[in-house]
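For reference, the structures are reproduced in the following blocks.
What follows is a pair of complexes built around subunit A, which joins subunit B in one and subunit C in the other.
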Partner chain A sequence: MQYSQVDAEAKAVARKFDVVVLLSTFLALIAGFHVHQMLVAGDWSFWVDWKDRNWWPIVAPIMEITFPAAVQAVLWTRFRMPIGATLCCLGLLFGEWMNRYINFNGWTHYPLNFVFPETFIPAAVVLDIVLMLTGNWIVTALVGGELWGWLFYPTNWVMIAPFHLPVEYQGSLMSVADVINYMYVRTSTPEYLRIVETGTMRSFAGGVTGVAAFFSAFVSVCMYVPWWLMGAHFFGSTKFFKTYESASTEVKHA
Partner chain B sequence: MRKRVMRMMGRAGALALLGMILAGPTNRLWALGEKSQEGFLRMRTVIFYDTQFSGRKFKVGDDMTVTGKFQLLPIWPKEIAFSGISWLNFFVPGPQFLREGTWINNRFMSCSELLELGGTYEYKTIAKARYPGHWPVGIMLSMKDAGPLIGPSIYVDVEGSHEGFTNPIKTLLGNTVNLENYGQSRMLMWTLVTTLIGVAWLGFWVGRPFTSRLGVVAAGRAKELISGADKTVAVVFALGTIGLIVVANVMTASQFPHTIPIQETIIRNAPLPPEPSRVEAKVLDATYDVPSRTLAFRVEVHNTGDRPLVLKEFTTANVRFLNEQVPGNTWNPDFPEVYGGAMKITPSEPVAPGETKVLEVVLASAEWENQRLTMYHETTNRFGGLLFFSDPTGARSIIAVADQLVIPRFGVTQM
Partner chain C sequence: MAQTQTTATAVARPPLTAFSWKSAGIAIGALIVFDVLINVYERLFALTKGLDYTSADYETYWMSMLFAELVMEAITAGALWGWLWMTRDRALDRLSPAEELKRYWALALFVVTYTYAAYAGASYFTEQDGTWHQTVIRDTDFTPSHVIEFYQSYPIYIIFGVGSLVYAMTRLPQFAKAFSLPYVILVGSPAMIFPNVGLNEFGHTRWFMEELFVAPLHWGFVTFGWGALAILGTWLQICPRVLALINHIYYGKPIQSPAEVMKDPQSSCDPAACVACAM
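Moving on, here comes the complex of A and B:
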């Protein structure tokens, strides 16, 4: 057998192994990140009438910079791959769409325009690029975390703007999103349970979205740090493995 | 070998079962779960009465009207918070019906309402059939901090097809939109565009060897893995992504110049004015006989009106007991509540004007057990409900029993 043939086979096997590793990681991230997201910010993602300009841009980015930071830490420090945040957010979006399409729409007949998920992918790509260009996780936390918070609402406003058109319904002023919530019965979530803006930020002259995005960006910076550290020093750690030299003779012979 | 075959068959069976469950029709529901709530919660918080559903068979697109009244009992259980902030829910397993509107005391309920303790409210809900199937539907009062308080429910059959169903509404900008799919193609397109950015970025990197980079990084040669060209591509990606969002927002602002935030407020809704009462009634004591499933209580009644009165009905937790000695006061299968059975009242003669007498009311019914209303299992052994008195003209006087202690009788001597 020629050396080049062996080399080609080795490369092919390595590539297959790459696919297995990447696919497994992707599937694990879909499960883990999606469950996390549903538990900490689920309703804002599930329902169009929760996608307000105050709480949604605060809660969603803060709670969802977590996994991207940790996965970035592993993939950057161990593989020099600037794809951690993008991989996470693509996985999250895939999981969300499976859930919304099969469960919410297929089984219970909620229209997709009521239950579509938000997207973090543009912010995730930017977060990955900031890490790649700076090569420094603290700068990434400061700059990337800020951009993460600031980009969230404008990214999603493109999709939700039509649902904020005003409607006079039965003599009441409602947004299209409010009417959808009213008509497409959601028995387990009465109206008062919605955590949406209630006019408590009027001292900012109605500039709710900017204040929310600023606060969200600031806390996203803060959230990035512990999750990066957790990723780098726990998930990405190899200290739990013994080196070949420290293995017993029996193991070496085996 | 046999074990292996059995195991394989078991797995195949489980998979087939799972497949059938997943692929099975979702147009039928067999249980509602209202009985899972504790008895004291259902008997002593909100009592629904006069509930009427406009039918039990509908076609897709038909309207169903539900009307009735409810009273928030004046002595609310200490164990349950009373905030008054309420939302009169129409319960149905998913949006198989569209709620077109709910009115409380003739006022449209656009948001949560502040209701008063002891108040009686009249409501109407109109819902449009949307999906064919056999659905349980009903009324429920959700109260902040207290949770769902369930009213009467029925099963309805909806025939027809959802295909072609539309739900048009007119916006204040003059255009009519179909809420079944409004904004959907825009949302899908933007999701696709932004996802493609992510996929392209991911593809740019995972097209290279992946796991072997672990060794290169471990060998301290990480810098070799990212080239200047990579950085140029990254800058293009970042600027392009941010630029796309800016452009899309500018376009969105020009397409939708008039938008409003999600509307959120609470409206106070005063209860109905109290009806003139011709009776004063007070429950003196109550027992629950466990072997015979019988609630018995003595009630002191004083007729303050000028006509004789009879006790016609006791309603609690959506279970109705009727005094069938009163002519015409019999059970109608169209009633959405549960039929508890006949009330036995001693003495059975009407209470004369100005008279005060003690009535013994006996309610023997398996429904105490069926509906899980046997309170001796619970930490608070009290019952509540509404007593309906009536005079010969049919005028009603309703008395709330809100907090009466019940002594259980077990019928055996325990060691």
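Moving on, here comes the complex of A and C:
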């Protein structure tokens, strides 16, 4: 009886620490991942007309495989938990929706179907599954990284397809997304800054998305490796540096 | 790694009430209420009083708020960090296990409050700044959204982050005689986002008036934001010691003394403890 009471107390205390660790980690990942994402790929995330078939499938995946790789490195190698990528992307989606709903829509009245964010959840689940099945981060980089780049556009297609329908507007052929952009002025992102459908890749015509995804998958593989290593050996490091006063005499003399 | 182990026969257990959520609940609750009120203030006065930097209304509603918050933040930071330092434990090598575990709980609540504040600053208010810039023309670096984002939400998380680090260094043997690499990154790197505002504002003033969010001018924020990942290493340092304390206090298992942890804090971060914890 006495032991079971002590045991229950110990478990209660341990569970409380578990909750704090999980909650604080989730919040920190939202903070870091979201500020990273919005400033390296954010414009494509903010606006539906930026969600094009050319640059969006390249920029978004290669910049957002970063945090998932780093978190996988710690959660898998230390805890055998294959949820690192999904956890990151869930946090990112939460951070994005909080602002899109409350501010973009609630404050400045952009319609939600103009400012909804992309999702990486399906690609993240696949990345986690590849790591879980192979147990090998190199294979995950090669296979999971490729799938990460390839899956991004198809898994978001359901949301953006209606906005890519062609319409004729004042004698010009435009997409529905372009017309929405035309109607809702973005004061600080004028048209000359819009990085959409530019470059000679357009010469691939209907094949442009496949080429973009192919390239994106390649760079995603390349990005995964340094970020895994940074997660494992830098951000997940348990290194301490001793202060001068606590260093040994030999070290001080050296 | 060589360790001197001591076996306790009867270890005092802290009362369960010592592991209350109350202080974090009050702190985070207060921050949430404050953030909501700030949002309401912004909705009331940003578009009505905050579009002309040269107007008297701007001075009243926004510049006075800026000066007031900067003064309050400096006073709060000085008071909190100073109090933590002045009341530091000077006999950490004699810290009892029960007291050490209670202090780790206090640190954990400090950290979770910091991460909420970091979320509010780096995620919510930073993207809200994008919302604002898409709606108005940039006429001043001290535009209403910046008064809240840069000069309010960022200093708030810095105060909590540095405060938690000072708490750990002044009250826990593990952090008393050595600098924790991940913990310093966790606090220091996001803190550098605030000084980086100087670069951002100079750049926007000198050569880049638009708000293309992916512009290289913004990448300093990105790099410093990566430091949030160091929460992984920070918990990897803390959790094994917490687990050892729980095992010692409740199950009588041997543990390193505080003096040994102070001498070699690395030895208290047994990676195997993580696996045991997960199991």
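In this section, the second predicted complex is superposed on the first by the 233 of 254 C-alpha atoms of A that agree within 3 Å, B and C clash if a C-alpha of one lies under 4 Å from a C-alpha of the other, contacts with A are read in each partner's own complex, and residues count from 1 in each chain.
Following the convention adopted for this analysis, a contact is a pair of C-beta atoms (placed from the backbone, for glycine too) under 8 Å apart; a residue touches a chain by one contact, two chains touch by 3 or more.
A quick note: this is a predicted structure, and the numbers were derived from the prediction, not measured.
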{"item": "Touching partner for A:79 - first (subunit B), second (subunit C), both, neither", "value": "both"}
{"item": "Touched partner set for A:31, first subunit B, second subunit C, both or neither", "value": "second"}
{"item": "Partner chain in contact with A:179 - subunit B first, subunit C second, else both or neither", "value": "first"}
{"item": "Partner chain in contact with A:222 - subunit B first, subunit C second, else both or neither", "value": "neither"}
{"item": "Touched partner set for A:170, first subunit B, second subunit C, both or neither", "value": "first"}
{"item": "Partner chain in contact with A:41 - subunit B first, subunit C second, else both or neither", "value": "second"}
{"item": "Partner chain in contact with A:231 - subunit B first, subunit C second, else both or neither", "value": "second"}
{"item": "Which of subunit B and subunit C A:87 touches, first, second, both or neither", "value": "first"}
{"item": "Touching partner for A:138 - first (subunit B), second (subunit C), both, neither", "value": "neither"}
{"item": "Touching both subunit B and subunit C, residues of subunit A", "value": "14, 17, 21, 78-81, 107-108, 110, 186-188, 190, 193"}
{"item": "Touching residues on subunit A, where the partner in the complex is subunit C", "value": "6-7, 9-10, 12-14, 16-17, 20-21, 23-25, 27-36, 38-43, 46, 59, 67, 70-71, 74, 78-81, 95-96, 98-99, 102-104, 107-108, 110, 186-190, 193, 195, 230-231, 234-243, 245-246"}
{"item": "Complex contact set, residues of subunit B against subunit A", "value": "26, 85-87, 89-101, 108, 110-112, 127, 130-131, 140, 142, 144, 148, 162, 167, 169-173, 177, 179-184, 186-187, 190-191, 194-195, 197-199, 201-202, 205-206, 209-214, 216-217, 222, 225-226, 230-231, 234-235, 237-238, 241-242, 244-246, 248-249, 252, 255-256, 258-266"}
{"item": "Residue numbers on subunit A that touch subunit B, as the complex places them", "value": "11, 14-15, 17-18, 21-22, 49-53, 77-83, 86-87, 89-90, 93, 106-113, 116, 119, 121-122, 124-126, 128-130, 132-133, 151, 154-155, 157-159, 161-180, 182-188, 190-194, 196-199, 208"}
{"item": "Of all residues in subunit C, those that touch subunit A in their complex", "value": "13, 16, 19, 21, 39, 42-43, 101, 104-105, 108-109, 111-112, 114-116, 118-119, 121-124, 126-128, 130-138, 177-182, 185-186, 190, 193, 209-214, 218-219, 221-222, 225-233, 235-237, 239, 242-243, 246-247, 249-251, 262-263, 265-266, 269, 271, 274-275, 277-278"}
